[in-house]
Each structure stands twice: as C-alpha cells, then as structure tokens.
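First chain written, first letter: the chains are A, B, C, D and E, and each begins at residue 1.
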Amino acid sequence: MSSTQDAIREAAKNALASGRVDYFIGWTQGHTPSEAIPAFIRRPEEVDRLIWSPLCHHNLVTFLKRKMPDPPESRIGVCVKGCDSRTLVALLQEGLVDRERLYVVGIPCAGVIDKRLVDALFTDEVTEIDFEGDLVTARTRMGESKEFALADVLLDQCGGCYSPNPRYADELVGDTLPESQGKPQFPGLEEFEALDSAAKDALLAEAFSTCIRCFACINVCPVCYCWDQCVNRSRRPALVGQKVDTKENTLFQMVHMFHVAGRCPSCGACDRACPVQIPLYLLHRKMNKELYEMLGFMAGMDVDEKPVFQTFRIDDVLGE
Amino acid sequence: MTAQTETRTRPVKVIAIVCNWCSYAGADGAGTARLKQPYNFRVLRVPCTGRIDPLLALKAFQKGADGVLISGCHPGDCHYSEGNYYARRKFELLDRMLPHLGVESQRFKYTWVSASEAARWQSVITEFVGHVQELGPREGRAL
Amino acid sequence: MIRYDSEGAAQLRDRMLSRVKADVAACYQCGNCSAGCPAAFTFDYAPNQIMRMLQVGMLDEVLASSAVQLCVQCLTCTSRCPRNIDIAGIFEDLKTVAVAKDVRVPEDAATFNRVFLENVAKYGRLTEAMMLLRYNLMSKHPLNDAELGIPMLTKGKVEVLPKKAAGADEVGRIYRKSLEKARWEG
Amino acid sequence: MRIGVFVCHCGSNIAGTVDCHAIAERAAELKDVVYTEDVMYTCSEPGQAGIQRAIKEKGLTRVVVASCSPQMHEVTFRRCVEDAGLNPHLFEMANIREHCSWIHDDMPRATEKAYDIIKMAVAKVRTAEPLFPNEVDVNKDVLVIGGGVAGIQTALDLADAGLQVTIVERESTIGGTMARLDKTFPTIDCSACILTPRMVDAAHHQNIAIMAYSEVDRVQGYVGNFVVDIKRRAAMVDWTRCIGCELCVQKCPAHAPDRFNVGLAESKAIYIPFPQAVPKRAVIQTEYCRWFQQGKCRVCSRVCPADAIDYEQKDTYIQRNFGAIVVATGMDVFPWEEYYPQYGGGSIPDVISGLQYERMLNASGPTGGHVHRISNHEEPKNVVFIQCVGSRDESVGRPYCSSVCCMYTAKQAILTRNHCGPETNIFVFYIDIRATGKGYEEFIKRAQTEFNVNYVRGRVSKLYEEHGKVMVRGMDTLLGQQVEIPADLVVLATGTTSAEGAPQLAQALNISYDEFGFFKESHPKLRPVETNTAGVFLAGACQAPKDIPTSVAQASGTASKVLGLLSKDKLKTSPQIAVVDQSRCVSCWKCTDVCPFSAPEKQSQRDGSQKSHIIETVCQGCGICVATCPVNCISLKGFTTDSIIDQIEEALLA
Amino acid sequence: MGRLTYYPGCSLRHSAAEFDISTRLVLHKLGVDFVEVPDWTCCGSSPAHMTDHLLAQGLAARNLRQAATVGDEMVAPCPSCYQRQKDAELEIEEDPGFRQTVNEVLDLPYEGSVRVLTLPEVLLEKSGVEAIRRRVTTDLVKLRVVPYYGCLLGRPSSLTGEADEEQPTSMDRLLEAAGATVQRWNYKTECCGASVGMPKAEIHRRLSRKVLDQALEAGADAVAVACPLCHQNLDLRQVQINAAFGSSYSVPILYVTQVLGLAFGYSDEEMLLHKHAVDPRPLVAKAIKEAVAFREEEARLASEHEARQKMKEAAKQDRARRRAGRVPSTEEGGAAPEEAVPATSAHDREEEAAG
C-alpha cells in the first residue's frame, strides 16, 4: 500500500518538476485520519501530502469535466482508480477532455471503503481508520475502537469489480491486479429486481420523496457536465417542473439517469454524495445491467468506442 | 359504486407518439379504411421517432398517462435514414427500465408501422390499449 | 328462387371464424377447391357451391348435402385456397354440426362413424373385424367388401376375438362425456 | 393571443359520428380562443373564405382547423391563412376524421375524443411562432432511374422542355419489359414498332445521357440538390470503342441462358440482348465466360474489330448532382416456379409463363414466331391459359390484382388463333375479367366471339403430365362441374411483382414502399406521382402494376410535376428545422455525432469557445439532435419540446 | 422422462402389422431408443373429429397423457393418428382454457407437453440420411419406387414439418438413403380416398386407380407408402379396382420402413412381405438380383476405364520421355515425333489387349 503511495508521490513530483503538468490532483488526509479528500498539488515539495489508502474513494475525474479545469489551458496530472478511469474514458470518447493536456496516473485498486458501513458500527463519530493488511481498525472520538475485516466494509461494487486496473493511464503505479473473468457483476440488485411493480413504485416514491434537489449527485458525477444549463434547471423547455414533490423529483433523477446512459460505469459517486441517502446506485446499476444485456455494452471500456446512444448498428437485435 | 372502483374502471388514457412519415400515415390509412379502433388513445405527431426523447414518455406517465406507445418507420425505412435506429436503442432501454420504475411493461411499447400498414396500426393500437385497459388506470406515485 | 338469410349467414360466419378461424366471406368463388377435390365427383354440391351456400346462410341445405358427408379430409382445398380459407376445416366442423343436430343424410358416413366410435368406446382400441361386421349389418350392405374378408383373414390382418384394452373404460367415459356436453351446448 | 377554431363537418364524414356544432361551442371556452365556428366543408371555397373573413374581422392571430389529416389539407389551409395575412405556421390542424370519426361509431365518445384532439391542437398553436422559409439554389438536372417505357417517356418530355436528363439503367440496354413484348393490347400493334423509335429518340436527344449497365449506389442531399453516386458495372467491354457489330457474339464459344428470352433460348457469354438494343453494346457475363471461368479462350478479344474487349475492367463510380429524381424501375414477372408446385413448379416443359409466350409469339424471338410445344416442337392442339397466377392469391402472398393479365391473356389467345389456325382449341381459365380501359371490354368480346376463345370460369387446381399431355384439372364454376383438359401447351398469366432490389433503392432514396416492394405515392388521388420525399417522383409500374397506356400517361404526368418543381431558380426550404440556443449550448457535440445530414457545425464564439450551429439549408428537420441534446438547447421549430408537453397535458387533462 | 414414445395405433396392431414390425426393426437398427405408450387407446381418427371436436381431442389427449408418464416425445407412424394427436397437442399447448375443458372429460388430467412427430421426422431427425446410408447392406438400386405421401403426411405443412405441402421430400430422402431409385411424379400428395373408403367405395376406387396409373406412368415398379390406410386402399383393394374398372394392376405397395428394412438386410419374412395382397416378393427378389448384376457390370466398366486411364498415362509418360530424350541425343534421331505418336498408340492397343 505504502509503496503505491510512494509511487504516486514520485509520479506527481516528476510531472510537476518536469513542467509536464501545472498541477496534480490526488488524495490527501481530511480533517481526521478517518477520511481522505481530494488534493490539488502545485509544487513538487507538496507531494508528500498525497496519500493512497482504501479511503480514497473520490473520483477525481469529476474535476476534469466541462468548465473545469480552471484555467482552461492548464495541464493537469490526475490519479485514477480502475472505475474512475472508465469515466475518464467516457469523456475521452466524446472528445470532451484533451488527452494532450492530461497526465494520468493509473492505480490498480482492490477496493475502497464504504465509510457509511463503518459509521454504522458506532454510535459515536469515527475519527481514525487504520489499515493493517486485510484488517481495519477504527476509533471514535470517545476512544471506542473496533477491528474488522477490510472485505466487510468495502463498497459493495468493489467485490467482483470488473475493472480493477485502469482502462486508460499514462503511467501505472502499483501492481496490476488480476483482470476479472467472465461476465460483469451487478451486485445488490436481486432484492430490488424481485419486487413487483407496485412495490418498486412504492420504494422509489419513498426514496425520491426525500430528494431536496441539491444537485450534489449531478455536480459530483464525472460524466454529467451541463452545469448551469442542466435541463433540470431549465424553465424553457419545462421538462422538469420546479416544484419539489415526488413526481417531479423522480423525473429529476430520471434526467440524470438517462443523460448518463451509455457513459456511466456505476462509479457510485452520486450515491456517496447524496446527503439524504437516496439509493442512487440502484437504478444506475440496474440500467447498466440492462445495457449490458441489451447490447453487451459497458461504459468507458475503450477510448475508440462511441457511447451507445450516439451511434447505432443497423443489425441491432432489438424490439420487433 | 365507490370512488375507488370508479377509478379502477375508468377508461385508461393512452398517448401514442408517432412519426409523421410512417405511423401517422399508417393511422390515417386505418381511418380511411374505416378500421375501428379504441376510443381512449390520443395521437401526437412528430417528424421522426428519433425526435422523441425517452424522457417525454416518462413525462407522459408522470402527467397521468396509463400507457405510452411509440411508433415509427420500420428500421431501414426511416424518412431521415437513421432516426429510428437511434430511437430503437433509446426505447429499448426505456422499455427495459420502466418495469423497474414502477410502470408495468405492458404500459409501454415501441413498434414500427409503415404508411401502408393500416391494418397493422389497427391491431397494434387495439392490442396495446387492450393490454393497458387490462391493467387499469395507473395510480402510481413515483412516476 | 331463394331468399337470402342474412342473419343466419352472419351466425354461420361467426361460427366458422371462432371454431375454424376461417372467414367464409373471404371466398371469391374461384373454384380452386372444387377443381382439386378428389371426391367432388360424388358430391351433390361442389365445395365452392357449399362455400356460397354458407355465405348466404343456407345451413340446412348444406347439412343435408352429401358433400359434407363425403369430404375425405385430404386438405387439398385448404392448401391451395388463394384466400387462405381452411375449407377442409369448415367441412370438418360442418360434420360435427350434422352429428350434433342429428341430421340424417342418405350417405353412410355418419353410420360408419357411429359404429366405429361405439366400437372404440367399448374396446378402447378399434377391433376392425367386429366393426366391419356391424357396419355392414347396420348399413344393410352385408356383402360390402366381402371379397376383402378372405385375404384379410388369411394374411393375418384381422383380430378375430377382440379384447378390451386397459384404458377402454376411460375411453368410454370420454365418449359419453363429450357427446353429452355437445348435446347440451348444441 | 386570439385563436380561432373551425370545426369541419366534412359533410357527414365527420358530422356523422362527431357532434361538430357542440364541440365548436365548447371550444370557445378554451383559453385564448376568441372565435369558433362549425362549417360544412372547411376546405371548400366558401369554407376557406370564411376562415379568411374571421381572421380579418375577429383579429385572429392563430387558427386551428379540426377536419381531416394534415397530410391531406395542411398545405391548403396554410396557404389560406397566409393569404389572409397570417404566418402559415400559426395554423394547426386537428385530425378528427381519419383519427376519430372514421374509426369510431359511438357519437358521444367520438365527440369527446374529437374535443380532446382540438384541445391538443389549440395547445400546440398557442406556443407556435411565425416561421419563415429559406431559399436554396436549385440544380435543374434530372435523374431518371430505369429506362423502360415510363422512364423513356419522362426523360423525353423533360428533355424536350430543355432540362438535362440522365437515365440510369441496370441492364445493358434501355427498353425494359415492353421491349420483350410481341404485340400490345387492345390494338394488337407491334410493341417494338412503338417502342424502339422512342428508344432511339432518347439515345439521340442532345439533352439526354443514357448510363446503361449502371445502378444508383447512394443518394445524399435533398430536393434541388441531390448528390448521387452511380455505379457503372464492369461490362468487360470498352463501350467507347464497341460498335455493336455482334461479331464477338457470333464467335463466342460459351453458351449462357438467354435472359431476354426468359430461358426459351440460349445466348452467348458475350451478349447483346436484342438487335434493336440501345445502346447496342456488348457485355461479358463473366459467370459463363470461359476466360473468366477457366482462364482460356479470349476469342472475343481476337475477333473484335474495334479492340474493345477489356478483361481487366472494374466497376466505376461517378458522382453527379441532380435537382430531382424520377424513379421508373418498373416490374418483374412473378417467379411462379417457386410458388406453384401444383403447376409442376417449372418441371413440366410445356407449362410456360406469359412472358415466355410473348417471346415465343415474337417473330424475332427464339422460335421465329412459331407457336410450338417445348417438349416436342409440335404445334399444339389444345392451348390452355390460366389467369391469376401470382395474383389475387394469398396462399402465395400476392393478394393484389396485377391489372394487366386479363388483357394480355386475351391478346395472347387472339394471337394463338392467328398463329395456329381454327383447329386449335383455346381455353382461358379466369376468375373475373378486368377490362376497364378504353376499348378493353370490346377486345375481350372479340376474343370470345371473333377468335373463338373458350372462357372457363374457375381456377385450375393442378397440372400434371399424363400420356404426353399436360393434364389441366380445373373447375367450371358456372356449370358446377370439374373439368379436365389434356393440354399441349399451358400458358400461365403470371402476375407482376416489384422489380428486384426495389426495397433497397427505396431505402437509399428515403421513400416508402409497401410490403410487396411497390413504392408508395404521396397521396393516391391528390399526389399520385410524388413521394413523401420532396424531389423524388414515381413513374410507371414501380408504383403499382400498370399497363403501357397508364405507365406512359403517368410518366408524362410525372414530367410535368418535375417541370413545375424545377421551373423556379430557388426553392423554399421547410422552416420546420432545428435551431440552437447557443447561450445554453454546452459544446458536448452529441448533435454532430447523431445528425444523418451533418447539419450541426462548430461555430466559434467571440470568447473563443465553440458552440453548435445548425446549417439551415442542410437541416431536414428530423429532430434526432433535439432528442439527443442533454440540455435541450436545440429546438425543432414547429415541434418544440414545450409544445409536445403541452399537448400531452391537454390530452391527459380530464 | 425425455424418451421417445411409440404409438402404434389400432391399424398397426393388426391390419398393418407389417408396418409396425418393420418400423420397430428399423428404429432398432438405427439405434433410436423408444418405448411403447403404456395402455394406449384409439386416437379416434377419423370418425371422432367428424363427430365432435371435444371427443376427438379428448381421445388424443388421453394418449398424450399416457405418453407423458414415460417420455416427452411421441412418434405415431400412422399419419392419421399423428394428425389427431398433433392437433390436440397444439390446441392444448396454445390454449390453457381448452386444456381445462379436455381435462374435464379425462379420468386423470393431462398436464404435460408431449411433442408428436411423424415417422419420417423421427427417422430424419433422430438418425438422419447419413446414418441410414451407412447401414445399407442390400443394394436396392434396381427397385424403382415412387413415394406416395397421401394427404396427411404433407398437409398442412405447418403441422407436418414439410417445407412444401405440394412437394414434400422426407420420404424421397429416406428412400434415396436406402439406395432405392426414386422416380419423380406428380401424385405424391393426391388423395387415395381412404377416409371415406368404407362408406363410399366409388371414391377410393377411382382415386386409387389414378394413383396406380400415375405410378406406372412415372416408371415405378412399386409404390412406397407410410400410411396404413393408403396401403389398404392401394394394396388390399387393388383387386376391387381391377374388378370395377376391368384393369389388371399388380403393383406391389411397400411401406417405406419395409424398403429401409430390406436395404438393411432384413429378410422378406422379417419384413412380413407375405402379408401383402399384391405379393412384392418376386419384384424385390428380381430387383436385388438385377442390382447385383448391375454392380458387377459397373465394376467391370470401371476397372476397364481405370486400365485405359493407366495406359494413357503410361503412354503420355512414354511420349514425354522420348521427347525429352530427343533433345540431348539425336541417335534415335531417325524417328520423327509425328511418327512416335502412332507407334505409342499401337503399343497402347497391345497392352489393352493384354490387360
């Protein structure tokens, strides 16, 4: 783990020192050792702030999407995990980032922690998380401490991850992990899929009724880049009403879902960003599963591919 | 009759969004041939199925439609060459997702009816409205 | 001169649509069914004429015709009909109507069918010799096919003493229940 | 905003099932509606005058007419409101006839539905904006696809009017089906004597270019500006040198089935279909050529006095621009062998198709005009014609009437009498006789009386060989008797089908076609030679089975439509196109990905950024970009997202 | 479960016992595993479906139910039995409501889904033309037959799996695989009149005569059938036909399985050829004998041809040798190449004579 961290620091230092990039985006420790946050490093001396651990869940590709980077001409180094890289590939497929101005450090990733699972184990605020091999030790502000297996607190999508190794990178740090075999897994859907139509409707109604339209899901989404022009904000056309109620909120989420269809690799950033814990992963992952069954397609796998809805095949076997 | 049974038995409302060149003309042909059809559907004309954003279908459900039918030219016959190929992918995804959004799959259909297929239009719309009527009016909450 | 029975015609058409999935109104009288029919030379009405009679509702005349009874169900008419009408299917259905209505036709098919089925209902499997014997007695042609009897016997082609098959009782029940039902519904 | 609503009775067509007066009154309660009226015939002169009067007197700013399909009268009413000073796009039609009164019979429910349809139209017209067409330059050259009698007629009419015409013909000669016919009904004049002079006229016309042995490969562009790729198939003969002397044909040692004579004779691997071919140029059929199949021979190359043989020739492609396209691809003969095993499926030699019989009757045909049995070359004593083979027969998937067989069978029966003399028995099995043209019924009567042709009413069920004869097992439905005729020759009145490859051509041209491959006209009565794609027209049997007089008449009609279109120097383009609100464009370029016409372009802005811009004259108004744009900053004029949502809301409002 | 069940039907039990026996033996020879439908009863054809629809389907459904207890496919060699059971299978599969209705007249309900097959279907699907060809031991090339499908084996094609109801091919393929010479004819699917055979003799006599006539016209010595009713009409009643029309037909009628069996080397007795009214044994014996002679002749011609080819080849090499030899040395020189050719030919002829 620490060797990967060193390698990231080394890569960042070289890129900055050689003038290859103007700044470098990685992860650093947050307010407490229980969380990692994005870090923008501008000088080679600062690279020691960079860390690498299973806490580094943020998808840094988000900072590359439209209107970012700032200023527009800047050259940027960026760290991507396997899943992050697929969102980068999705942007590259559409020609929305200039790969000449990027220096991508790819990190094979065995999984990141779902902090919500850890928090749920304590009544107090978790302030410190340590890793020792496959063992995780978490301590609270009041000093309560628990140990558990890393596998138990990984994000559910990390188990059976289809692309642990980056699909696109200028430099790879750390050891590549074995590529997954066979069909991609879409975990956590069975229970939802088994519900009947009315139960699904009820579940979604309950989930979306709490949406406060904070746009966190949309802003954090690495492939959702319309910013102020998002049709969810538009009054003309009035596709989505501005009234905050279940029906309009549902449509609001549908706009996001259908607009990232074919480009969303289920990185889960929206889900983790939601302040009211709407299970956004559910429908997005379900959509990706359907897309896979429909066209054998997975988003962001190949730079030379077009997102599925911006192209077609005459011999698509769909419909009647 | 109680209010509840009343809603359950009221005629359903179906929106049919059709392309101008094939399916609208097919429906015209069905009219010219006096082919009887259900009362409770309303046709909306657009130039091409490629013009139809799946979100418009969702909007229709949200606004209270009990069923939404999309119909255009057969693949290969699009007046604009390619519109229905794009539509086919988009509506296939919508078709697959709707059951998971709390809308029974029988309430949505996308299909192809050419300008010369008046009889096909009649059977498509009759069957579709029939299926929707079997399910009855929607009392959905999310959409 | 005849008078057209529009109501009867409509009923007949509906029956054929629901029972045989064939629309008698689609017939345009090309005569292909009659042209290809191997048995039509023995019919009183050619198949296309029967179709015409159905179109105008002449059910009684159709049921009384020898054509319906003598149809050999070879399906030639159906397979060549340019309007894709299942003519043989219509004839088959008409035969069952004739049975249900107990129409007496001076042809022997109905008698043969009854003897055959009663034999089957009794023994479960057809016992050809018994059936033949009874049929010839009932149809009052005791010597019909007599010249076949000898070769059939000598060639070991008939079972002389019929035995009851294991499922015979059930077959008997099927026979009675079905016909009971047909009588009620007819 | 002042909206007027006019509800049409269409005589009883609408008023028979919809209470027009009641909904006109109800419509007055709709928001912004200031005037309503129910009218007996809105499209009539007084009906249109009433709308114009109301626009002026009531100060209407938007108009809704509830009547028939917009495909029927949208153009009519747009012109009507325009003449009254209103922008034609501030008008909307509510289709309460094809989509309501004609498909229902319960008046209260149909009336309710008609009212909903009107509400939707009012909602749509409320957000309508005035639209103005653009103008584009027009290319005045015309492409005629197919060089049969219809294509030749259209080309000559257009060329005589001064337009440059290119005929693209798939075969190596123009002439089409008519060139293979012996005589024509009902005059029994010689087909070649009528057609070949027209073929020569076309070849010599200074305004006509004939591209034979060529096919349309790809069509791009739009009315006034089509860009067409034409494939010139490799003939293996340099046509600029070939003089059509037929020396190569005489010397060629390799035999091939003669397609022009429908397999009744053999031709050579190097081939000129018939003596009067235009252009008269040779083609090597490589699948039969010894050089191409076995690598030896080259006889043609040695004997050719013009040194025209070129074994290395390849298909070539050229691109040409046209303002209009006329499709005149004609018909094929129904491939009866595949569908009628009961007639022997082609295995009985003395059962032949109508077209084969034409060739047999023809003096320059393979038998020199001598009618004989194929099996033993004897003159037939009993000739039987069977009508409706591949027509009016759903069991072979051809429910339609081919419209020419009754007449050509009568003609062939008459010619048989002329060729074979009074002892020959001639029978025609028919179901109904369709003789609707000028002089046609009289022609049939002559066949029956003057030429002693025995018409038998009934179909034939089976043909089989017995004792050297073809047994015809049929039915005389008028006698109610089965009949059996031991025939010497059986001629099947084979029906017509669309030309091979018709669906593919339709797809290239973006025109509609029916399940049988016949191209669909814009309106069967009002726009019979136009298609739904502006600038593409139809002539002849490619639209539906037709005889020669009808094909030629339609071809001239088509020419006049093309002339009307190309009489202007500029064309107005439809204003119903997509437009980008650049202030909201996020430059994601999905629009450029999906547009089939490459209408969106990247346009540089003052701040150095690039935004999408749609080239107005290129946009065809399909709206694929609109449905793809994530911020919905592209809107399709006349079909805006808001107008669609408004209509959905109106439709669903209880 | 998963086994093929065998439904003989009433005719095969007695009047068409030879069809039954030959079918069983052929299936056995081809290694097609099957088990008889336990306690099967009459399918009701054809009187049942002309009397009452439910009765017809009920009788057939009982057999389907019996078959379902041991397998999931059923072969009914008799086309009439096949049609009834196939018809019931399809209607019951398509319409659950009808299944309910049928079950009301049965003692025990039928809940399975047994697929009914024709005999040619089974032979072609479960074994195939190649497998049949491999097992042929007796050459039947001199047995000229026409396959007679009759009505129910080809029509309607949607039911029988034939591609074309006017020109079915399954029996043609089987007979050709067995090595018999199959003549083309137009009467494959014309009706013999069997279903009203007993009540209206006139019909079947006229139709059957036409079939025999056409078979002879086509150059066949025998007619191959796959239907006990066709067989009865054409074979047993040939005497009636002759009596009625004053004709003297003597055309052996063979079951297609008998032809296959004979080709596989089964004897006349095993194929029960003696059961037929028109004795096919002399014809079969003659055909086998002729085939042997024919093959011998063929072999002789082939060996002669081969010898000639060999000699030509040798002569060619000889010429080439000489031509090659001519260049380096001219000592043979006197012999002009033109002369060399006739010389070789003479040599050829000698060798041929010696061979």
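Observations on the model:
The criterion applied here is as follows: a contact is a pair of C-beta atoms (placed from the backbone, for glycine too) under 8 Å apart; a residue touches a chain by one contact, two chains touch by 3 or more.
From a predicted model like this one, the values you see are computed outputs, not experimental measurements.
Steps from subunit A to subunit E, minimised over paths through touching chains, total 2.
Common neighbours of subunit C and subunit E, listed by label, are D. By number of C-beta pairs in contact, chains C-E lead all other pairings.
With every chain reduced to the mean of its CA atoms, the largest distance from subunit A is reached by C. If you average the Cα atoms of subunit A and of subunit B, the two centres end up 36 Å apart.
With each centre defined as the average position of its C-alpha atoms, the distance from subunit A to subunit D rounds to 55 Å. In this assembly, the C-alpha centroid of subunit D lies 49 Å from the C-alpha centroid of subunit E. Listed for subunit D are residues 342, 462, 594, 628, 632, 641, 645, each touching two or more other chains. Across the assembly, subunit B contributes residues 56, 59, 76, 82, 86, 90 that each touch 2 or more other chains. For subunit C, residues touching at least two other chains, in rising order: 41, 76, 79. Interfaces, counted as pairs of touching chains, are A-B, A-D, B-D, C-D, C-E, D-E. Listed in rising order, the residues of subunit B touching subunit D in the complex are 13, 15, 17, 21-22, 24-25, 27-28, 30-32, 34-37, 39-40, 42-48, 50-53, 56, 59-60, 63-65, 73, 76-83, 86-87, 90, 114-117. Against subunit A, in their complex, subunit D makes its touches with residues 584-590, 593-594, 628, 630-633, 635, 640-642, 645. Taken in their complex, subunit E has these residues touching subunit D: 164, 166-167, 184, 186-187, 213-214, 217.
Within the complex, the subunit D residues that touch subunit C are 342, 388, 392-396, 431-432, 457-462, 473-477, 480-483.
Residues of subunit B that touch subunit A in their complex: 54-56, 58-59, 62, 75-76, 82, 85-86, 88-97, 99-104, 110-112, 140-143.
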